[in-house]
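See the structures that follow.
Here subunit A shows up in two complexes: once beside subunit B, once beside subunit C.
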Partner chain A sequence: MADSRSDSVLPLLSLAAILSVLLLDYGSVQANRIVAGVGHSLWSALGSGLATLLLLSLLAILVLNSLPNLSLLTKLKLARLKPHRYSKLYSYTLLLFLLLQMPFGLAWFAAIQIPESQPFARAAPGAGFWLLLFFSFLMLLELQRSTAHRHWLGLGIGLSTLAAWWLCLQLGWLDSLALVREYRSQQGPFKQALQSHLLLVGGTLLLSALLGGLLTALILNFRSLQSSVFALLNFLQTIPSIALFSLLIAPLSALSMQFPWLQSLGIRGIGWAPALIALVAYSLLPMVRNCTVALQQVSAEVLQSAQAMGMNRVQLFFQVRLPLALPVMIEGLRITCIQAIGLTAVAALIGTGGFGNFIFQGLGQAAMDLILLGALPIIALAMVADYLFSAAAKYWQPGVSHD
Partner chain B sequence: MIELRRLSKHFADTTAVDAIDLSIARGELCVLVGTSGCGKSTTLRMINRLIEYSEGTLMVDGRPIDQLDAVQLRRRMGYAIQSTGLFPHWTVAQNIGLVPRLLKWPKSKIAQRVDELLNLLNMPAREFADKYPQQLSGGQAQRVGVARALAGDPDILLMDEPFAALDPITRSNLQDELLRILHQMGKTIVFVTHDIDEALKLADRIVIMDQGRIVQQGSAHELLSQPANEFVSQLLGKADRGLKQASLRQVQERMQPNIQGYQSEQPSISAKASLKQALSAMLWHQQDYLWVLDHQQQPQGLIELADIIPTKPQHRRPRS
Partner chain C sequence: MRGLARLGPLWQPCLLLALLGLLVHNLANWESLFRLVQPDTRQVIYSRDSFSYLLWQHLALVGLAVVGSLMIGLSAAILVTRTRGRAFLPLVNQLASMGQTVPPVAVLALAVPVLGFGNPATVVALLIYGLFPIVRNGIAGLQGIDGAVLESARGMGMSAMQILWQVELPLAAKVILAGVRTSTTFAIATAAIGSTVGARTLGDPIISGLINGNNAYVIQGALLIGLLAISLDALFSAVDKWLPSTH
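Let's look at the complex of A and B:
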């Protein structure tokens, strides 16, 4: 049974969601890209029908999950309230509705609030919308946590939400959304940004895994190196990323001037070369730390009995030590990957491309939607990476059957 | 079979094992006993070269072990330890099958061996083969540890306090099972423990160690009747010595083959029970004799208090 403390998380989250959609703008309409938008409340954005339905769902989640907390009333014989046996299932259904209605609601909002006389007007989700999305997501996570065996339910809801967005986009219902307009005008650069972002992150992961593995092997074989290696990596980690990027410009451009063949490889003072070096430098600390800890924490007794059974060094490492260390090493990869996804955004400043480009352009033009066009994919990438690596670590957890 | 001659191990500034001589015969169960830090585990680990010795010679089957390949040598020796050292990422069957796999046995033979060992240790293969170590109780894990040590059918078994972490009942059961299995197989065993009762129960020969040296070695009887010095008698538990000795002898050795006047409702005891158990039964029933029954509950004879304590006339308490 869940304890009473965690019982209050869902009601609190739904309460927060109710307050944010009631008190904050649900959406806004701009006449064009530059002028400030006109805010719309939940009622005027969605119309009273959908708005009421949305509020009622949130209220229902609040009430369904508050019942166990009202046991005081039961004790006082004022009321006989018990959590309904299907309350979790109902909550899942309500959340599914809340998440599914979002793209359709936005489309509806654009349809009723953008006058046909203004073809350049654009609709944008407001703070209320974003907070509703955020709190719904948290509620989904919380529900998942309290009903651990229904793992597929949360995943199913997530996937169907994505499908709903995809459908609305395909049908063109969201075309007057500011973000979609930005995307449509930046389609080519967007694909390129995705490509260079992924390439840089992938290259960083690969290189830092190789280098990190090498350093870990060194540390494990020469214990005296451990403190100095970590001191160096810790120091690298403290340099601000922009400083490190720009510090690398001078030596790299000097190098490429000296050896022109480097230029033909694309190695210059700016571009991917300094970015990759800096990203790898940042990645080495989480990588090496996790690998070292993972390999060192494997129980000495297990290693000794492996040796005593007659395993040779190679068998002992690949059959016992590595598999037992794997989950923590994957955790290192996860941290590295998420960190690299974030830092690559900053690396756009030295001309590496990637989603950071949109953010900095948007900042320069004071165009909020362009910033979002860069920021949202970065968040999405980080979340996907987090999910994948966590799932991998869970899969390779030793001594757990996967049936 | 295992021959230690003036064998020593020095660590940085201490001597863990100090020029010991010991020879263990084929099929013998030799128990090394001593307080912690006496060098018994170090001695054991030198036999399978987990620790390399500093001086002396160590021969297995007449060949010095430093001339043998350590990895090959270890595959011929079973090894079981207190913490089991089972691999948490492998199932019970995979753990037990390790040495046969290293020895490149065919798959079907490995599977057969695993089943055989699990059944031998009273763990139905169908129920346990696919479990992971963390799903086992302490006693079960220890059984798997022993099974893994036996899997490659080694001639020699090295056991380092394998039962020390178990509760008394499980420990006693496993000791009984170990004795049963070993009598079937006839392995040479070196067993390390700090528990003198375990040593008395299991050992063909007990080797008592202190500060890296062998203080005394011999059968349980020899040690109990003639402890070499104060340390040994202390270790044997001075006050309980009489009871410990009584626990090594069976009732049938001392009974009188006299069943006249046998009545089945009177207190009785099995012929295989120890003198200690007989003494305890007499105290409990407040009676100085017991009828002795065989395993079919048929009377075999009589045992009296005087049979357990056959006092010579000059040792009798003077009566006034």
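Let's look at the complex of A and C:
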């Protein structure tokens, strides 16, 4: 039985979306990379046909989901308004339309607003577009909350949206989009940035898993160490990343001056060496904390009954304790990975490459599209890592079979 | 030592803050020390702004942002835990936890196209990022209160407002404080990176040192930022010990 109050969220979100596409610029056109863009309203950006369609679907979501709230009408016996049997299905369809039209709409916007005489002009989505995306995403989350099979549904909608963007990109319809222009001119560096970003994050994960595992084993065997190890790791976590990166520069460059063979390994004051050390230092807290908590929380009764079944110590660890602790340990990996993705971006300041490079170059040149080219992939990477590790934790939840 | 003991849990942050003050005012006099790090450079003490100016500027940015996030975030947490706003609770909770997966440096970078360069963009980015831990902890703190306690407060004839101010907020204070502490740690670190978007902070010597290959500048900035973060964290830890335990 749906609580009537719980239905006020979707109408409010769709109202917010309507207001933001009506009141803010939906897109802008720049004559070249540096000049400020000229804003376009929803009508002039998409043309009256598509703009009306878009507004109507938002309005439809608003009305469909407000019906049960209009209790006054029901009381007055003017109408018998119940939530429509298929209102959720309709809302999903409308939302899917809103999400899928986005790349096509932008392509259409570029086609009608960029004159042939300006081959270097670029179109960019405006605040209205971004807010529409944001509110559509929120509506999707809210709809999903009360739906069965929501994970598959969410995955399906996400994949089909990605497919629509991919299709438009492949067909070359989005070529005059500012971000695409920027990407095309940075294709080589972009690939390199992705590679070095992933390499540094991967190295951090691997090293901190090894070191974290070692520290956890130490703590579990020598309980007295626990508080001092955590105090140290907490302390490290408090130091701002840029300060820790910087403080490692001088000692490492002194070391590499002293021992030239270190230089041949690429270990210098700047570059990947100080970054990796700092990243591992930051990663140890979530790693060790989650591993310790996970292994300690396996109840003594469970362990005793396993022992009574005749398991030896190795079996006990690998067949009972580890599987029970795995989800919380994976959660530690998730936190570590997301944190490392963000900190690697900061490490670009000390010359490690990665997507942070585009951000800081873009800030230096006041080139907003270059900033976006750095910031958006970082956010995307963090989201993907979050999704994958959360899914893994769920998969290895004890007591769930996967037949 | 007795004097220190009388300060109770406060002696640690007091000591650290005193050390920070000492460093801020005397770093510029230790030229010969920094000469060791950077022997071949003419200037080894960062002098575009005084360190105390940068420290106050850094503190002002962080303070403004954290107070802003506390006011907005706590209001949001209170609203969605009332009966009338409860419909928004799952969405706000989910949004806050998703927001925390976005790296702070990306939030800072995205603030620039919207707000331009300088202090305002930095404060807004810090404020937005600071909201997530405060909202999450605010909701967790307010929801973690035993229903029987609220029932008996109602039974005593307290109004909803009285219950909020005299029962719920004091009982949730420890958890809320932990959120503010996380926000502050992030804000101090991100404000330092704010130097790259044109804010004046203790990150300035670091960025300028990295660009010009002057390790002395880098160390000066990093020392002060690190010490600032550690002292404020110690201060939060002292306040946390001073708050009565609720469980």
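Everything below uses one rule, namely that the second predicted complex is superposed on the first by the 384 of 403 C-alpha atoms of A that agree within 3 Å, B and C clash if a C-alpha of one lies under 4 Å from a C-alpha of the other, contacts with A are read in each partner's own complex, and residues count from 1 in each chain.
Throughout what follows, a residue touches a chain if its C-beta (ideal position, glycine included) is under 8 Å from a C-beta of that chain, and two chains touch if they have at least 3 such contacts.
On a predicted model such as this, the values are computed, not experimentally measured, just so you know.
In the superposed pair of complexes, A:342 makes contact with subunit C only, with no contact to subunit B. Comparing subunit C and subunit B on the residues of subunit A they touch gives the larger count to C.
Contacts of A:206 after superposition: neither subunit B nor subunit C is touched.
When the two structures are aligned on the shared chain, A:398 is found in touch with subunit B, with no touch to subunit C.
In the superposed pair of complexes, A:265 makes contact with neither subunit B nor subunit C.
When the two complexes are overlaid on their common chain A, residue A:253 makes contact with subunit C while staying clear of subunit B.
Of the two partner chains, subunit B is the only one that A:323 touches; subunit C does not reach it. By the touch criterion stated above, A:306 is placed in contact with subunit B alone, subunit C being left untouched.
Residue contacts after overlaying the shared chain place A:141 against subunit C, while subunit B stays out of touching range. Look at A:368: by the touch rule set out above, it reaches subunit C but stays clear of subunit B.
Subunit C meets subunit A in the complex at residues 37, 84, 86-88, 90-91, 94-95, 98, 101-106, 109-110, 112-114, 117, 185, 188-189, 192-193, 196-197, 203, 206-207, 209-210, 215, 218-219, 221-223, 225-226, 229-230, 233. Contact residues on subunit A toward subunit B in their complex (touch as defined above): 299, 301-302, 304-312, 315, 320, 323-324, 398-401.
Of all residues in subunit A, only 3, 5-9, 127, 138, 141-142, 145, 235, 237-244, 246-247, 249-250, 253, 269-270, 338, 341-343, 345-346, 349-350, 356, 359-360, 362-364, 366, 368, 371-372, 374-375, 378-379, 382-383, 386 touch subunit C in the complex they form.
Of all residues in subunit B, those touching subunit A in their complex are 48, 50, 71-75, 77, 79, 81, 83-90, 98-99, 102, 130, 132-135, 148, 158.
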